[in-house]
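Next up: some structures, all given as structure tokens.
Below are two complexes that have subunit A in common, paired first with subunit B and then with subunit C.
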Partner chain A sequence: MNAHSIAGLIALNLYLLVVGIAVLFGVRGWVSWGELLRLSGFAYMLGVAATGVALVTELVAGLDLSLLSVLATGLVLAVASGLAGHAVGHSLPRGRSVRVRLSGTAALFGALLIVYSEALFRSGRLAGLYEFDGWAFWVPKGEAIYFFGGLDRQFFAELPGQSYPPLVPAFEATAFSFMGSADVVTLHLQFWFFFIGFLTAVIGLLSPHVPPILLWPPILLLAVAPHVVGHALQEQGDFILDEFFALAALLAGLWLIDHRPWELAGVVLFSAAAMSSKREGYLLLACIGVAALVASSRQVRLMWPRLLLAGTIAVALTLPWRVFLHVRHLSSGGAEAGGLGLFAHADRAWPSLRLATSATFDYDIWLIVAPLMLLAILAAAMAGATRLAAYASFVVVLAISAFTWVTWAFPSLPITKEAALNPIVRLTGSLAFASTVLIPPLLTSAWRGRGSGGIA
Partner chain B sequence: MIGAARERVRVRGPSRAIVVIAVVSTCALVGVHYVKAVSQLGDTASGNSALSFDDREIAGGNSIVVDQRAPYEARASIPPDSTYRVVVGKRLLDRTPLTEEFVTTWLTYFLMPRRPAPDAHWVICYGCDSSTLGDHYDPVWQDGEGISIGRLP
Partner chain C sequence: MRARALPWAILLISALAYPLAVAADGGTRFPDRAECRHAAKTDGNLEAVFGRFSSTTGAAPVLRRALEVGFKGTRIEWDGCGLLKVALPGIPTLRVGQDFIAEARRVGFNPHLEHTSP
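This part shows the complex of A and B:
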């Protein structure tokens, strides 16, 4: 909890940014330095996702996670991405000038976001570790990796949450290495970097396509939502899962409109990272996959093979962890009720749906993010942007169905929003985040109408 | 041309009206909740900085451990490469509703890299009956609440 630890975290996140810039060069490239600056948040999140998936694979393979191995991993990722980018013809811009155009609206909301970010930073700088899941298994797993190098046989078997993939503990251990000690207080700030990186990624991705007045307010609405203000810096996997999920949802939505390959590459990377963060990631990413397949059903031959290939690669990247669970005879985290058990607990279906819906629309948790999403979908559909509207509709419906299934399929969970008893509020975060990133393009499509080319 | 413009307004009017409603209501809510959020975050920061080092480090454990000295004494007494076991009993003079159920889990987190082991020589006795540990239990620290830390040969 001192300047030394904070300096360590800054170094770690600069390192993630550098790796991410290399990954960005590999999958997309940039035409000007100003564009790279605009996409720096996106590059950072790419770096987090790529490094996280790589670290999980290394841990499963039995490699020790140390400062040196983390740096080597980043180097390998950067070199491989650089070579891939070079192979597909990406090159660095020739000029050195960095031009950034900022409208008055963007400047105003940007200033608000900076003040908010500073307040969030201060709130986390000296925060204690209070959350049960945090001290019961998320942080101890990170400590175990930090102290013992790898996936320690004792702790990863005895601590709760056996089936949870170790992306978050791997980052916690990496943060400890960069800070020089297992400083669980300053560790909160690592989650600040993730959250702010996510917000800047969304702003950078959407700002060329969406007018500032349609982009910034929904993002600030999420930032000031009570659940975000109270829990964004928790040392757990929920928010990073939401951030990866939302970025995958956004890129999938953009790809449905303009079919750019780098967007699908981003979907693969963020999907794999989401599934490596929490087991719910599989369920949530299935929602995106099905929604994208349905929304593109008029171009089955063109789009479905690519979507299915992307999904297959993303799942394949998470298979080592599933194999690891099997080899070590650890719980795979299946539903309590089992496959047909849902019918035995049919009486829980309606209360589970009601709980999922009420948590999603709860003003005291997410303000009006969900109603705003419905309005945006309606407006986009009315304006003729049917593909994006259909995709967003299916994401909402499928996600709420998934939340319903979680409470229904785990009969030990009481029907309540009480965080200590049922994870429903944390689960709905994924949809709140995904809604927030889809609302600006939906509103833009609604404003411009189909004839003007939607958001592209 | 006027006809085309009218047609655009007819087609886009309702969707644009929804966009305007969405933006205005979002901006209004952001205006209200932004101030609340920044204020709440400031209060949280002030509350955190007012905590003592021990309160901040033990944090969630404050509702479990009863006596803050116990986990610190355990860290000081038990070498980092040793094993320990927590024995919980009914002899605590003071307890919280969470103590008996969660003290072992919380100490696993707090005492890392020390490993819990059922046959460990180091014992953290949380209200246990020390006579059940054998005649050779040698407490190196104890408080008046029924907590002790000791070693078995």
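This part shows the complex of A and C:
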């Protein structure tokens, strides 16, 4: 049973990779097969994001999510991306050789990551569905889509978390279709694929720009953080949100430095996917948007229109779900305290800020990811990479402000890191992930010294 | 050439080392659907299972017939291994269970006595 399900999940993720390669061709292309191999993790995550956003739109439109419709969606995405890539002049490399340079340092760290991922896979293969939100609504939603085809009117209205967009349940239902049954045990491995895809995406994106000694340790640090080891394979939306958010944050940071259009296209796609994963996505992506606008304030005419257009497209891609909530009279998931309610609960402001900060810097949750981020920002700023340092600083400050707001604006949440009572630890995951992907370019800027301007 | 191959060899060896170590420790075990069937051996927490099915289409007629012949309380539930079972829970002892099975066989069923899933 388990082996059959694993084979199904491998097929699903190969399918997502193929779709992602087509999307990569559409937005960026590649100059050699070796480069495609290096970017295969990034391509996979593009495939996950594009397919996820498309599936959410289809569900909202009332289409049934069957195996056939999922395959057809991928085909449409692949063909559209192929045509778009062809239209902008992308073409396939002529040679057949696949050469990827691998240094000894990268091989040693890569070996550690491989053993880690194998152990994580082993722990997830027979993991039980114990996490509360997972069995309370994330997985039941996936099962409902799998068994009923779409968003059953009564079922989705009665479950908790009704305002959460259905990207994760759509993937869970798709995984069930590929596995041939609602195997909620093996389903944990789908989240293993997402997590490993994310790590390989970051490595692939940064490896040409960042020395291995500055790239791999922060990634391994995140991988062994207690919260990641304990919860990365949970059948919930938190980690996939963190992964999309971090990739959007990284691509926005890279775009601020070298202005490549494909990086902004990636920001759009990952932002839309993040906002389609959890409602917090809007808040987090606003942090990236404002940070990028502030960091590029010396080039308002050149960069702001592009950033604003990218943000508008990303939000537009999530509008069908917001309309759906309105049409079905479902909760929109707004703040409990309301707009001016914050002032009525002003006494919660300081404890909320203290909770957000202490969760972000808690060694027992995220090890030293946050302090390392602060050091990296300081080092980059001192080396003259002011734009990247400013961007990263604003991401940190705004994200902690956003976490503070969540506890402050929901008076029913007690001031505690207890996961069953307050989601603060899960929320801080987004900043931990974003910090991990921004630390290597920040450190590289500092390493290369004053006048380098960036990492490229 | 050798220097270029060395990093890849490190990756390959590390990729193989973990699965081989696991395999050397008794191999990888894949659970079987039969593991959700706990044959009744002692009294307490017993149920009579009329059959297992991959879909409600197969299970519903069996449930309907069981209810028609008077086996009240029979229901469809997940067995924990991806299958639906038609079962009558609440049987207190092996003796009561064996009496029930004999009665069910007289009306054309062939149920098995199992411990309810833990």
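Going forward, the second predicted complex is superposed on the first by the 452 of 456 C-alpha atoms of A that agree within 3 Å, B and C clash if a C-alpha of one lies under 4 Å from a C-alpha of the other, contacts with A are read in each partner's own complex, and residues count from 1 in each chain.
Criterion: a residue touches a chain if its C-beta (ideal position, glycine included) is under 8 Å from a C-beta of that chain, and two chains touch if they have at least 3 such contacts.
Model, not experiment: these values are computed from the prediction.
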item: Fit or clash - subunit C, subunit B, common subunit A; value: clash
item: Contacts of A:115 with subunit B and subunit C, given as first, second, both or neither; value: both
item: Which superposed partner A:140 touches (first subunit B, second subunit C, both, neither); value: first
item: Which superposed partner A:182 touches (first subunit B, second subunit C, both, neither); value: both
item: Contacts of A:330 with subunit B and subunit C, given as first, second, both or neither; value: neither
item: Partner chain in contact with A:18 - subunit B first, subunit C second, else both or neither; value: neither
item: First (subunit B), second (subunit C), both or neither touched by A:126; value: both
item: Subunit A residues touched by each partner, larger count belonging to subunit B or subunit C; value: B
item: Those residues of subunit A which subunit B touches in one complex and subunit C touches in the other; value: 1, 112, 115, 119, 122, 126, 182
item: Subunit A-facing residues of subunit C, complex; value: 6-8, 10-11, 13-15, 17-19, 22, 30-33, 54, 81-82
item: List of subunit A residues in touch with subunit B within their complex; value: 1, 112, 115-116, 119-120, 122-123, 125-132, 134-136, 139-140, 143-144, 147-148, 154, 158-160, 182, 184-185, 213-214, 217-218, 220-221, 223-225, 229-230, 367-368, 372, 375-376, 378-380, 382-384, 439, 443, 446-447, 449
item: Subunit C-facing residues of subunit A, complex; value: 1-3, 102-104, 106-108, 110-112, 114-115, 118-119, 122, 126, 181-183
item: List of subunit B residues in touch with subunit A within their complex; value: 8, 11-12, 14-16, 18-19, 21-23, 25-27, 29-30, 33-34, 36-38, 40-42, 44-45, 48-49, 51, 55-61, 105-106, 108-110, 112-113, 115-116
